[in-house]
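Step one of this worksheet: look at the structure below.
Lettered A, B, C, D and E in written order, each chain numbered from 1.
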Amino acid sequence: MTLPGGVHAETYAQDRALIRTPWQWLWFAAFVAVLLLLPFLRPGGAVGIATVIGITLIAVLGLQLTSGCAGQINMGQSAFMGVGAYAAGALAVHLHWSFLMTIPIGGISAAVFGAVFGLAALRIKGFYLALTTIAAQYIFTFAMLKLPKEWFGQSEGLRMDPAVLGSFAFDTDNRIYYLVLAFAALMTYGAWGLMRSRTGRAFIAVRDNDNAAEVIGINVFYYKTLAFFIGAFYAGVAGALWAYYVRYVQADQFTLWLSVWYVGMLIVGGMGSILGAIVGTVVIRLLQELITVVGPQITDLLPTLGGQFVFAAMNMLLGGLIIVFVIFEPRGLVHRWNIVKESYRIWPFPH
Amino acid sequence: MTSLLSQVANGALTGLLYALVAMSFVIIYRSARVFNFAQGEIVVVGAFLVWTLMSAFDLPVWAAVPLALLASVLLGVLIERVILRSLVGEELFAFVMVTIGLLIFIRGVVLVAWGPEVRFFPAVLPMAAVKVGALVFDRAMVIGGALTLVVAAAMSWFFNRTQLGLEMTAVAEDHQTALSLGIPVTRSIAVAWGISGLLSTVAAIIFLNGKGMTFLASDIGFAALPVALLAGLESIGGVVLGGLIVGIALGLASYFLDPIFNGGVAAVFPFVIMVIVLLIRPTGLFGWKTIERI
Amino acid sequence: MLLELTNVEVVYSDVILVLKGVNLSVAEGHIVALLGANGAGKTTTLKAISGLLRSEDGEVTSGSIQFQGVPIHTEEPQNLVRRGLVQVVEGRRILPHMTVEQNLLVGSKVLKDRAERRQVLDKVYGYFPKLVNLRARVSGYLSGGEQQMLVIGRALMARPRLILLDEPSLGLAPMIVTEIFELVESLRRQEGIAFLVVEQNANVALAVADHGYVMENGRIVLYGTGPELRENEDIKEFYLGMSISGHGKSFKDVKHYKRRKRWLG
Amino acid sequence: MVTIWRGVSKTVVMLALAAAATAATAQTEYKVPGLLDFSGPFADLGKQMMARGAVLKWWNDNDGKKLGVKLSLKEYDTRYDGTVVASMWPGILAEMKPIIALGLGGADLNALQQRLPNDKVPVIYAPPGYGFGWHPNQWVFNARATYVHEWTTALVWYAAQNPQKRPLKVAFMSSQASPAYVDLVKGIDKYIKTVLEPKGTATVVITEWIEAQPVDLSSQMKKVIDAKADIIIGTANTTMAAAAMRAMQLHGVNIPTLAAPWHTIWPLAQAMKSYVPWEGHLVVTGIASTAEKNSKAWEFYQALAKGYGLPAEWNPLNLLGISQGLLAVRAVEHAAKKVGGDKLTGAAVYEALTTGSFTEDELMGILPTLTYTKDAPFPLKGGKVRIEWVKDGKYQLATPNWLTMPTDVTKW
Amino acid sequence: MPDVAAVSESAAMPARSAAPIIRVDGITLRFGGVTALADVSFEIGASEIHAIIGPNGAGKSCTLNCLNGFNLPQQGRLFLREQEITGFAPHRIARLGVGRTFQGLQLFAGLSVVDNLLTGRHLHMKTGALEGFIYRGWAHAEELRERRRVEEIIDFLEIKNIRHKLVGSLSYGLRKRVDLGRALAMDPKVLLMDEPMAGMNLEEKEDIVRFVIDIREALDIPIVIVEHDMHVVMDIADRITVLDWGHVIARGNPQAIKSDPTVIKAYLGAEVRR
């Protein structure tokens, strides 16, 4: 908790609050306003990007809880997302359930799948665990192509109708944006609550020192499993939203590559903080957008280079950036920001 | 029956080849405690080096292969010096991410330097059939399998018998103790990256011998993952056994399970075995166990 | 002097001051004991000398460390070993998955060829006849005493002039401890190797030590020859609490207000 | 940042427009987004497919000028990643208001096909279609029918060449790594079992699922040999094809394979610098053949290569790009003729695509005459293919003329 | 617990009840080839300060680890208030009221002081993941309630002005104090302390001693303390168990231990022949 000098909590509730100064309130309100008005401020491009960022954010938040907070490296987040998408999709397509039901159930289906790897996490640690979770990806793809066609469509995938609330269909970019925004806000709020409540502390305890945690009464087995359960739940919700956004679900959409990027977002943003997940997701996604936007520009300007060269070079840039980033700021952007803030701070001061 | 035998035998051979790639993971891991996600890309770079020297520069095998091997050793050392060295003492995550960044970066380099087109990898090893009874093997594969055994034996000998190898094993055990004995830890790690680069190129030669190839050949890296993990990330000899186990299990699985699942078991089965083995032995079959203390 | 520390200060992670001006010297062929409570800075002192500090984000920020008259506080550990300065790290850090002989050979980095290694190896086996039969055994399965012998033997493989020995008695039975210190003594006598021994078991260490230092809170607080220190009442009390006199009052009598005052200030 | 770059891009476009204005042409400009893969798994396609840009330029200078329409293509690197496509597309919509778009394949298809009817933007794809895209009222259009349509045509033809007058024994050898591979096997399998088997034309003897990047196929190939297969179908990437070829050489056999031109013979024979190992192997394509020179298609290619900076050679992938570009410009042309060059909309182009035919002439001989309906995103009836093979060490057309595709392929 | 610090230190020593709180019955613990504990037995009475001493590595920490369930002895049994706890998982034993401080620094470096202490309250809290997710209402109320409880401990240990600091940034002495606070937050029925004085100067030692005595008086619980500083041990322990090389070589009150020849020998080590 970093506060400007002179701010003191009068009650424990205040001490616990996330937003504490009028300025912070102002910034927060402005941020919310921009998010709410985005479709009117910058219709089109920004909305599409923001929608995908919102969905990605939910998945990355889940990964933050599993990996950043509870310390269990997970490289199967994209597969968990896929499970959520398929579960929600199948319920919507075959049983015509409302998205209010299918999205949470998608989350829970993913959570159950993820918890299996949580069970493994009790015994398997470090790199071994990270690599074990890669198996989730292969098992997911295999299962989706093998389970009965009546369930998940096998290679055909699932084609979905838009999410509907009463007679209101989320069938335009702006509408689905608000749906995703609502879920992203809810999931972010929930992650924040989780983080500062008993569960979040137990996660960090397990991450920082699982032996000590066990000895002071934290059931490490339960919390490792729970960390995967919750992280995968987030992925499942993200997957279900993705399903409603794209309205088509296929195993091809959820690749190992995507999981790798999610881990990358965490690293860039910073491990272990909700803000880190947000910052990392936004920064990397925008960077990727930038590259897809800048690429054609360069190709236009220097046609002799050819698109192939430009885009491949962009990959070098992106990979190089990550490397440089990890070398110079292995704890992420949020950490750097905190250090900068720290130097302005006069807290803690003797009362 | 012949079909079963053939699948198992060829599976075992394939497993041995995976073991070669797995070995290049293991050699880095045991000395530097880093799992190099970019290993598959290094294999591709090795492959393109050979291809360039042989197909583009028309060098003969005896010149091209040693040159390519040398270059891949240098590549390994370079990566260690430039990137990994500056991360000493950082957390596990940093290493996961930096090698992933490396993966993306090298892929970009490969695309820029060699492009995405399909290339024909030269037949460095003789291509012919080897017949054993009713079984037919690819001679290149058989040579590759034998080569894997030789390389594994050589590596085992190196790490257990030679002074440099012993020192590197000491580094694998405990960086600080190694330091206290006057062993230059960072140099050992650089040597490990060099050896790993070398093995990657050897693997590329055996794998791609006389086949088509694109930058996607890096998939080999992920395919070899279960072998490395199953064996345990510290054991050289174990990797060979791990490769055989995965290969034979794969042969059996595709014979017995493919009809049930309508095929495709080969892609997922190694991972399933890997998870099961790790649940029973969390550091693989031959990996080093650690005692936890508070 | 073989080894001389002058006003050495050590800082960890750029902030935590661990050694606050340590002066200490070891003469050629001497055994010097470094005593003190847990966390007093003994191990840090050894690591500052051997150069291992830097691998733990520690740094010598002032003062000088000289070995054979040459300043060494920026030297890499491998060069120090080459010059004859070896540290035996605390906690019997054998290389558990390697055999006894492999462990020993790893220590012989500075020797130039196989023949020389063989020769030194035989000599070490001469000092530790127990290890001969265990040479092919994986060292993780040795007993504590055997492991302690192994790590000392491993240090000998570098043909050192000075061995920094960190808590050799840790967790060992008295008989074994005695045996180890007898060995230290005979190595000094026969090979002329000097030892700087960090030890909690003051008595056993002072029995063989030519000199001893007592550390507290990163400073040397007491210095003397072995026999002097052995007779010192403070030492007896410091380590054994056997003396009724000394501290003056019982810990039970500490008052609250004292703490309060300090914490409020 | 994005905003800045968008800004920069706008400035650039404005300058270009200003320059164009001085040339005093009254063409209405429409921007056409192109989705390509330059750094993902299909990066090898990217470079070749850029041929479609040359087609647009050519058309602007000829028919476009007459109609007062100018199409300017902007290629994006989607990395064959649905996430990239999904986040990018709304921006493309808002900024370009496209009347038509050029796609690449599965990833963008997945991400877009459900929303296109709302967006009112038809998207043209170059490769054959898939069963999972076979739905009515699609805004996605393939410049040709599905792999299944094309390959079964070749199969029927090949069976007819069979001198022994017994059912042709077909072996499938493909991967389950991607739904696309599975899809084509399923479709052909269904067609053989429901149509060809009763007629005694062909029968499936074995289905071998292999890895997408296989190491060694000798034991799988052994099974195929033991099943006495006459032809192998499904090696739908070069690695699979190359590994299958190696395995056959090992067993000392040569069973012909059937695939698309860019899967097997062309890329691998180029790499191996020899057609000899491919003797008797076939490829089938719904586009003009590269084996045929001095055709109308060839002339068109020459025109593009000379006048419009076509970057690639006369090869199947290049033809893919050209065919895609051609269908796109002709669709725009039909629409422009109907509604006027300055009033074009996505819906108008869609109407043009789903009604009426595009003649072989219009399509410069690159594609056969195509007739679309709203029942499927590809021409269901009247489609035609060319079959090429290696005969006497030479890559050549197996039949002098287009072969008509079967009309009794049902959805699988 | 009332404010511990406020309890008068002149309060009478609580009467000893007869039934032992902890009974260790012949435990043997081996690691690989090394026997860490050999047939160790002892009892801890109600509200006594029981010191376990012995040379480094004699098995003191291992004894605590067995009591915690962190190490599972190959032989022997452990009882907490006559309930057998052998083979229980550590968190279960913690739930039964066994609090513990650690020898090294085993705090959760990524949490603030307050949050470290709150992890000690984990056992006494009920907020699950779902309530945490919703946070408003129940979870918030519990959070505040437990925070109040933790503030009492912060008060008692006099670490108010560092409460929001990450423990990773604290000095060694303060960290040890937070470690104690975390154990106290568990509301332990037995407190195990592993070398609480290690690495401390005299003043800091005096502080810790004071805390230990206050805790015993206020909570009326037994405290098992593994310690090297004989001065401290002799001053505050009611009973002492001496371990050497995994064996119990003596037990009794401080006076008896001080004059026990076996203990002297073990501690001094045998004389080295020169």
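Simple rule for what comes next: a residue touches a chain if its C-beta (ideal position, glycine included) is under 8 Å from a C-beta of that chain, and two chains touch if they have at least 3 such contacts.
Owing to the predicted nature of the structure, the values given are computational and were not obtained by experimental measurement.
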Farthest chain relative to chain B (centres taken as mean CA coordinates):
E
Identify the chain pair with more contacting C-beta pairs: B-C or A-B.
A-B
What is the distance, in whole Å, between the centres of chain A and chain D, each centre taken as the mean of its C-alpha atoms?
36
What whole-Å value do you get for the distance between chain A and chain C if each is reduced to the mean of its CA atoms?
50
Any idea how many Å lie between the Cα centroids of chain C and chain D?
75
Whole-Å distance, C-alpha centre of chain D to that of chain E, is 73
Multi-partner residues in chain B (2 or more other chains touched) are 107-108, 111, 115-116, 262, 264, 267, 294
Touching two or more other chains, which residues of chain E qualify?
70, 102, 106
Within their complex, chain B touches chain D through residues 2-3, 6-7, 9-11, 13-14, 17-18, 107-108, 111, 115-120, 127-129, 136-138, 141, 207, 210-217, 219-220, 223, 251, 258, 262-264, 266-267
Quick check on the complex: what are the chain B residues that touch chain A?
29, 35, 37, 83, 86-87, 90-94, 96-98, 100-109, 111-112, 115-116, 222, 225-226, 229, 233, 261-262, 264-265, 267-268, 271-272, 274-275, 278-279, 282-284, 287, 292-294
Show me the residue ranges of chain A that touch chain E in the complex, using the header's touch definition.
1, 12-13, 15-16, 189-194, 196-202, 204-205, 207-209, 211-221, 226, 230, 272, 348, 350-351
Residue ranges of chain A in contact with chain D within the complex:
42-49, 51-53, 56, 141-142, 145, 153-157, 159-160, 171-173, 242, 245-248, 250-253, 255, 257-258, 285-286, 288-297, 299-301, 303, 306-308, 310-312, 314-315
Contacts from chain B onto chain C in the complex sit at residues 89, 160, 163, 166-167, 169-170, 173-185, 234, 288
